[in-house]
Structure formats: C-alpha cells, structure tokens
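Pasting the structures here.
The same subunit A turns up in both complexes below, where it pairs with subunit B and then with subunit C.
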Partner chain A sequence: MVDFLRNCPQYLANGLANGCIYILVAMGFNIIYNSTGIINFAQGEFSMFGGLFAYALAVSAGLSLPLAVLLAIAATGLIGACMERLMIYPLRRASVLTAIIATIGASIFFKSLGRVLWPNEAYKVPEFTPGNISLPGATVPRQFLWVLGLTVISVLLVYVFFSRTRAGRAMRACSVNRQAACLVGIDVSRMSFYSFLLAAALGSVAGLANAPYASYSIGLDLGVKGFTAAVVGGLGNTFGAVTGGLVLGLLEELIPGFLTVVMGISTGYKGAVASILLIMVLLLRPQGILGKGMVEKV
Partner chain B sequence: MLEISNLSAFYGNIEALRAVDLWVRAGKITTIVGANGAGKTTLLRAVSGLIPTRYGEIRYVGANIANLEPHRIVRMGISHVPEGRQVFASMSVEENLMLGAYLRSGRRHAREVKKDFDFVRDLFPGLAQRMHQQAGTLSGGEQQMLAIGRALMSRPRVLLLDEPSMGLAPMVIKDIFACLRRLHEEGLTILLVEQDAQIALSVSHYGYVMRAGKIRLEGESSELLRSEDIRHIYLGEDAMLEG
Partner chain C sequence: MEEKREDSLQEVAAAGKGERRGGFLGEALFLARRHVVFLSLVAFIAVMPFWAKPLSKPLGIPLVMVMRLVGIYTIVAVGLNILMGYAGQISLGHGAFFGIGAYTSAILTVKAHFPPWLGIIMAVLVAIAFGFLVAPVLRLKGHYLAMATLGVGIVLFVFLREMTWLTGGNDGIRNIPPLSLPGMRIGEARDYLRAEYYFIWVIALIVLLLCSNLVRSRLGRAMRALHQSEVAAEVMGVNVSWEKIKVFVLSTALAGLAGGIFAHVQGYIDPNLFTIVLSIQLVTMVVVGGMESIWGAVAGAGLITFIPKIVEALPKWLGEVPRWVEKYSNYEGMVFGLILVLTMIFMPAGITRGLSDMVRYRRSPFVNPFRKKAME
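Coming up: the complex of A and B.
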C-alpha cells in the first residue's frame, strides 16, 4: 500500500497526459455528434493520420517540426472534409444509422490506407522538445507539457468557437434541434462539413502529440478510448469530454497500478478499464456524468 | 404570392399529397383545415423544403421553389413555424430569437435586427420579461409565441403556421389569433394550417379543406364557415358515399 501511494504522483502524471489525448478525441466525437447526430467511428483514424503525416513531413520530408505539425493538422482536416463531402453529404437524406455504418467503412478504409502507405508497426515522431522533467515523486517527458498545453488551448478554442462565433452558434442550434435549425435558415449540410473538418483537425492533434510513436494501428484504440470518454462525460458536452477524458485517463493508471502493487495481479488488464467504465456508466448513468438526461418534451 | 400546382409528395410509397392546387394570396390570411392526417403539415413541410416533392410546382415570386434546400427558402422570405413549436429548448428566449435572424447576423444588419427584435417584444409582452429564461421551461403558449417570434425575426414576406392552437387553453389561443390579425394588418401574407376549422376560418380570408392528401373544398372563409359540406368532409361522409 505504501508503495502504491509512493507511485501515485507518477500515476497521476501519466493519467493526466493520457487523459488529455482522450479529451481531444472525445471532443471530435462530440462535434460531429452535435451537428449531425452521427457517431463517427473513423474518429480514431483521424488521430492515426495526424501521427503518420507528422512523421512523413518531419522525418521523411525533413521539414521543420512546427511546420510539419501544422501541415499534418491541415492535411487531416482536409481528409475529414473530403470524407464529409464524398460520403456523409450524399447520405444526407438517409437515416443517421446508415451514415454511422458508413463511418465504420471509412475507418476500415483509412486504416488500410495507412497500412499501405506506412506498413511498419511503428514510426517514431520526434518529440517537440526532447528530455524529461523531474517532479516530486514523478518523472515526465517534456512532451507531456505540450500535450497538456495543446489540450487546454484546444478546449478553450472549441469553447469560444461554440459560444461566440456565428458558425459555432449555428452548429449548437443544429445539435439542439436540427429541424428548427433548418427553418431559421442554417445550412445544415455546411455545418456537417465544418464539423468533420474541425473534428479531424482535433483528432490529428491527439495523434501527433501522442508521441513518440505513430502507427496505422492506433486508430481503433484511441477511437474506443475517446468514445468512452465522450460517453462517460455526457455525449455532446465539451466539458463532459474533459471530465470523461480525465476520469478515464486517471482510472487507467490507478486501477492497474493498485492491482499490481497492492494485490500482485498482472497489469495486462489496463485495456479493460475503458470497457468496464463504459458499461458501468451506460448501466448506471446513461446520460453521462455531466449529461442532463432526456428532458426534451415531444 | 405563393402558387402551388399539381403538387405530389410521398412518404416512402405512401402518397401524402395528391395533386394539390393552392393559391396563397398576397397580404391575406389563407387557411388549410382538415382532420388529423389529411396532409396539411406535409404540405407546409414541402413548401419550406423539409421534405422532397415528386411532381408539381411551388411558384413564389416567379420562381419554382419546389425541392430547394430549406435555408434557401428562408432566405427568399418564407418562414415556417413548425408543428409542436420546435423551440431551441436548452437555449434562452433571446438566443432563440436571435437565431431567427441568423441570416442577418452581420453588423450591417444590426439596426434592422434590433428593430425586428423590439417589434417581437412589443407583440409578445409575455416573452419580453423572460428573455433570459430557457425556452424549454416556458409554458406551451409562451413557446408558441416564441416560435412565431423566431420566425418573424427572419423578416419573412410569407409566414407558414402549423397548428398554432395545438394543446393550448382557449384564452391563449385567442391571444395567438389576435396576434395573427395584427401581423396581417402589418401586411404579412399568412398560410395557416389548423385542425380547429371554426377558429381558422373566422380569422382567415380564404380557406381550403383537405382530406386524404387532396383539396376537397375551397372558398371564401366566411362561406366555408356556413357551408354544410365542410362537416361532411370532416366526418368523412363523402368517403362513404364514394366507397
């Protein structure tokens, strides 16, 4: 028990860093869900592209890292935008479920594309600033600070976008009542386009900040974790994504840590934390921690 | 103002509108009455672009607007107050109204929008006191007023109203219809869909009676109000004769 407590600062630091990545992915899920009602199963693949593009531009093409990062974000945003125009827009008269199933297809396609272009299991993306920082009781890579900073900035930008800008307010109106949004003159299909662009860009930040490794295979794992974070916090809610991401990130460190150090059970169960958390939340509080529940009158 | 000719629309394979001909006169209140499921709501949804139509035309100021996207139709000056109000429940009354003026969000429209905002506040004093309240917590009558106010914020030339009396107390219905009269006096063209034929025909100038996706009867509202046929159509007696 003493050992566990002594390790706690390290667990908290790791949990915070992972939680930030989950927050970014979860916000991507939320943005698309809010403006279209679609759960985008290709959200994790946006992160995959972010990491692989950053590798290709910074390492293969030899660009400076900041430029490579910006281009990778832009390129992934473009992929999101293309996905919306080529796949989601033509399905606008179909049911939401049809579009959701189509996103599963997109995720498989993206993953295969990633595997064809970058066949190795892992590519090392350079850290933004190499090295470690020693804190009392924990050592963290400098990269953690970047992840934290990028997440805070992203959350603030998303918040300001939705509360202060015209397009953001229109997207919020779509999420509250799609039909009414149409009737006040909001171009719902354009909002859908923006949402995929924005979600892809956010997803790519998660992928390229999540150094040191990029791989075609990270999409599924990040997608599941981000989705869990979004649902745990309350689907569609920006601060819910923050809450869900942090809760998931911390539990994923603390629970296996506790099991290993105190109970002597192997840590092979880390991946189960997200699934168990997801199932528990869906059973006990399906609207999520910050969700308001279904109060809408029909 | 708005001329609908030979309009047909389908839900799947079910023909919801069958060759509807209808004319909305400029500056007048036109009403469509009929029982539940007659196709009245479908007709409004077709006009505002919420559902596709298969045959026929909807002519508005010279152009065929059938199957345009809803946001284009709003921009052309047709505003739809949908069935069940459809307010933005988790947003404040003020946010709802300002979203009504979404197409005029720029600074150069600020003065006009402010004028329309004051007009709506004046039209519905009850809403003026609740500007910061969440729309979902308003009473049914207040939500109806908000829905109408939001539609007015786009400064329409034609207002489409779907069942504004639904689920409201008689006193509140009176208020709503008094406000429709005032909007008519301001020069607005109104197409009103109502199940309550009595009140709809007493406020309107011209009326159409729908049943099973077809126009069965039309005429000056005052005449329809006196007519015996309308009762037959509501009760479905003509169907029995036909059948």
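Coming up: the complex of A and C.
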C-alpha cells in the first residue's frame, strides 16, 4: 500500500499525459458525431497517420520538425476529407448498420495501408524538445508539456470554433436537426466535409504528440479509448470529452497500478480497463457523466 | 392401374408447381423443391472430396483442407448472419466467443482429459453462458452496441491472454487431441483430412438446415420485425429484449461450437488467433455473403477463406508474380477493408443478395449513390 501511494504522483502524471491524448481523439469523435450522427470507427487511424507522417517527413525526408508536424496534420486532414467525399457522402442516407460496417472497413483499410508503408512495429518520432523534467515524486518527459499545451489549445480552439464562428454554429445546428438546418440555408453536406477534415486533423495531433513512438497498430486501441472518453463525458460535448479523457487516463494508470503493486496481479489487464469502463458507462449512464438525459423520437 | 399412374403424374406436376399434394412421391418432390438449395449443397459437399483430391495438386491449394475451415467458419457466419442480417444487431466481438469455445474444449481435453466430443459440447454450453453474461449490452443500439461488443471482444481477449494459469497466456495450448466420436477416431484416421471434412460439414449442414427453418418460424418473423422498428414490434406483441437475447445467445452458441471444433482441427491455439481481426473477418463473411441470407453465409465463408489461399497459389499458376503479391498477408486488411466499404456503398444488402436481385428483377444490382438527390 505504501509503495502504491509513493508511486501515485507518477501515476497521476502518466495518466494526465495519456488523458490528453484521449481528449484529442474523443473530440474528433464528437465533431463527426455532431455534424453527421456517425461514429467514425476509423478515428484512431487518423492518429496513426499523424504519427507515421510526422516520422516520414521529419526523419525519412529530413524536414525541420515544425514544418513536418504541420504537413503531417495537413496530410491527415486531407485523408479525412477524401474519406468523407468518397465514402460518407455516398452513404449519407444509409442505415446505421451500413455506416458502422463501412467505417470499420475504412479503419482496417487504413491500418493495412499503414502497415504496408511503414511495416516495422514502431518508429521513433523525434520529440519536440528532448529531455525530462523532475517533479517531486515523478519524472515526466518534456514532451508531456507539449502534449498538455497542444491539448489545451485544441480544446479552446474547438470550443471557440463551435460557439463563436459561423461555420461552427452551422455544424451545431446540423447536430440538433439536419432538416431544419438545411431549411435555414446551411449546406449540410459541406458541414459533414468540414467535420471530417477537422476531426482527422485533431486525431493526427494526438498521434504525433504521442511521441516517441508511432506504429501502424495503435489505431484501434486509441479509437476505443477515445470513444470511451467521449462516452464517459457525454457524446457530442466538448468539455465532456475533456472530463472523460482525464477520468479514463487516470483510471487506466491507477487501477492497474493498484492491482499490481498491492495485489500482485499482472499489468497485462491494463488493456481491459477502458473497455470495461466503456461497457459500464454505456449500461449504467449512457448519456455520460456530464450529459443530460436522452430522448428518442419514435 | 392406368388411372393410378395418371394420378401420380398429376401429383408430380402439382409438386413441380410448388403445391402440396398427398402421396409419398408428391411429398418427396415438394420437399425436394422447397429445399433445392440445401440438397444441391449436400450433393456438392458429398462428392467434393472425390474430385478435389486430383485437383488439389495442380491448383496448389489443398482443397479438402481449406474446405474444413470453410465449414467451421460457415457455422459462425450463419449465427452472425441471423444476428446481423435478420435481427439487425451488430456484434464486433464474435471472434472472442469463437475463442472461448476453442479454449473451453482445449482446456477440458488437455488438462481434464475429456474426450473431444464432450469438450465441444461443453464449449457450446460455456459460450451460451458467456452469451447470457454479455446479453445486457443488447439494450444498446446502433453505434453504441457496435462499440460495446467491440469492448466485450477486447476484454475477453485480454482475459484469455492474461489468465496464464488457465490458458497458458501468449504461449497458448499445444497438443490438443484430434477430433473423435465414441468408437470413431476421426482426427487419427488414415485419411483424417477427409474424415474431419465430413464430420465438420455434417454439423455445418445440420446447423444450416435448422437455421433456415428458424428464420421462417415465429422467432424469425419477430427478428425481422424488430429489425425494422423495435417499437412497432413491441406494439405487435413481440418481446423485443428477450428475442434479441435469444438470437444473440444462439449466435454465441454457434460461435462456441465452431471454436470447439477449430481447436481440435488445429491442434494448437493461442489468444492472438481470436482478436478483433477475426471478429471483423467474420463480419466481412456475413457482409459478402449477404444480409438476411442463410445460404449466403456459406458463400461468404468460402470466399473469405479461399481468397488468401488463391493468392498464395498464384505464383504456381502464373510462374512469376510481382513481389507485392507474394506479401499478400500485409495487404489482406486493405482487401477486406475495400470489400466492406464498396459493398456497403454499392450493394448494402451484400454481394449474393445484390447479384440474385439482378437475376430476379433484371436490374442492375448497383445503386448509384452519387446520383441520388441531396437528402434535404
């Protein structure tokens, strides 16, 4: 028990860092869900592309890191935009089941593409500023500050976008009622296009900030965790995503930490924490911690 | 005498038109006509090993061996097709139920020395138990259900991997005894491939027959009703949540059955065989075979199982192939992904349904989604 408490600051720091990544992925889910009503199962793959593109541009092509990062974000956004035009637009009137299967198809297509282009298990993306910081009771890499900063900036930008700008408010209108939004002159299909662009860009930030390693295989895992974060906070709610991401990040460090240090159980169970949390929240409080009750029209 | 013959001829004609008439011959013909797909499948399966054997070598594909796997996947795909196609409830976790079946039978036969047939029966029972355990997620709908079943698959996989005292962890379980029935040694027979093949397909055909009857029963109609509108089904007196649980448990039972057989056919298992990749592969089989189509499940399982084998055999047929074809396993995900996306866009009811509609209604099976008018 004492060991566990002594480790706690480290768990908190790691949890916060992972939580930030989950927040970014969760916001991607929210943006797409808000404007199209679709859960994009390929959201985690956007993060995979972010990391791998950053590696390709910064290490393989030798560009300067800031330029590589910007280009990687832009390239991933482009992939999201292509996906919307080629797949989501033709399916805009399809049933939920159809949309789910199609985005899953996109997800394994992207994963396999990533594996073909970058076949190794992991690639080291250079850290923005190398080195570690020592805090009382914990050591965190400098990269952590970047992750935190990028997340805060992204959350604020998304919030401002949705509450202050014309396009953002139009997207929110789509989420409330697509038909009504159309009647007041909003181009619904363009909003869907923007949302995929934006979600892919946000996802790629999560992937490339998640240094030092990028791999073709992170997509599914990150996708499930990001979705869990989004659901825990209430799907579609920006600050819900923040809450959900932090809760998930912390629980995912603290629970396995407790089980390992105090009860001597293998850390391998860590992978199940997010899924168990997801199932519990969906069954017990499907509207999320911050969400209001859901009413479904028949 | 003459009159009697006239009578039976009439019966034959009537049966030919699908009307039911008395008499043994009429009855038999009526049944034959009604089960024409099933009977032709039985005939195909029964004679297949005889012509497959001389053909396997020049083709470079061990046909009988692959067909065993097709049979196993058919069993799962039928269950999943009933769940997805008829009842409209998606599951992205069926790979894990398949794994539970495989592990149950493997553990019982290796560690407790059960005979394999009893192990397989236990596999079905354990899969049913897990089905009921997981059934509460069926309260969820659409995307939530998909994500929750995905989560179930991940949790079960993690437990299979981490409970090393029971499952052997990543090393898996080796030396699983081959299939056998009381008094019959199937997996150790002289021509064991053929024996296993017939064993698997007899089970698969029984499952197919039962399921094709099931979907025409009250439960089948209830499933289709709740697929279209749960509220309307409820109003018509369908106990929606209980029907959904029944269908789900049926599909997990079939997954457990297939998994149990799989363990004995393979001889070794490890948790990485039963990941989300398998679950998605099973969904692809259903999609390719066609929603709401029992027989489509056979086609889907066959196609998805044969594609990699054919690609592997390509160098033998063509002599030389580009390097990227040889590394097909890397591209497999891209192929499956494209199949899923394109099928959903152009033939949302699945490939076999799309093609059979083309024949039946003489129209293009492709809906052109780009030409539809904007929704609003």
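Everything that follows uses one rule, which is that the second predicted complex is superposed on the first by the 292 of 298 C-alpha atoms of A that agree within 3 Å, B and C clash if a C-alpha of one lies under 4 Å from a C-alpha of the other, contacts with A are read in each partner's own complex, and residues count from 1 in each chain.
The rule is simple: a residue touches a chain if its C-beta (ideal position, glycine included) is under 8 Å from a C-beta of that chain, and two chains touch if they have at least 3 such contacts.
What you see is a predicted model; the values in this text were computed from it and never measured.
A.B. asks: When the two structures are overlaid on chain A, which partner does A:Leu220 contact: first (subunit B), second (subunit C), both, or neither?
C.D. replies: A:Leu220 sits against subunit C, while subunit B stays out of touch.
A.B. asks: I want to verify the contact counts: of subunit B and subunit C, which reaches more residues of subunit A?
C.D. replies: Larger number of subunit A residues touched: C.
A.B. asks: Touch test for A:Arg169: subunit B only (first), subunit C only (second), both, or neither?
C.D. replies: First partner only, subunit B.
A.B. asks: Regarding the shared-chain residue A:Leu250, is it in contact with subunit B (first), subunit C (second), both, or neither?
C.D. replies: Neither partner.
A.B. asks: Check the residue A:Gln179 against both partner chains and state whether it touches subunit B (first), subunit C (second), both, or neither.
C.D. replies: both
A.B. asks: Go through the superposed model and pick first if A:Lys111 touches only subunit B, second if only subunit C, both, or neither.
C.D. replies: Only subunit C; A:Lys111 stays clear of subunit B.
A.B. asks: Mind sorting out which residues of subunit A both subunit B and subunit C touch, each in its own complex?
C.D. replies: 93, 179, 182-183, 188-189, 298
A.B. asks: Please output the residues of subunit A touching subunit B within their complex, sorted ascending.
C.D. replies: It is residues 93, 166, 169-170, 172-173, 176-177, 179-189, 292, 295-298 of subunit A that touch subunit B.
A.B. asks: Within the complex, which stretch of subunit B touches subunit A?
C.D. replies: Residues of subunit B touching subunit A: 48-50, 52, 69-71, 74-75, 79-80, 82, 84, 86-91, 95, 99-100, 102-103, 105, 136, 150-151, 153-154.
A.B. asks: Across the complex, what residues on subunit C touch subunit A?
C.D. replies: My answer: residues 84, 88, 90, 92, 136-137, 139-144, 146-148, 150-152, 154-155, 158-159, 161-162, 164, 231, 276, 280, 283, 287, 330-334, 336-341, 344-345, 348, 369-370, 372, 374-376.
A.B. asks: Across the complex, what residues on subunit A touch subunit C?
C.D. replies: 38-39, 41, 87, 90-102, 104-113, 115-116, 119, 178-179, 182-183, 188-189, 220, 224, 227-228, 231, 266, 268-269, 271-272, 274-276, 278-279, 282-283, 286, 298
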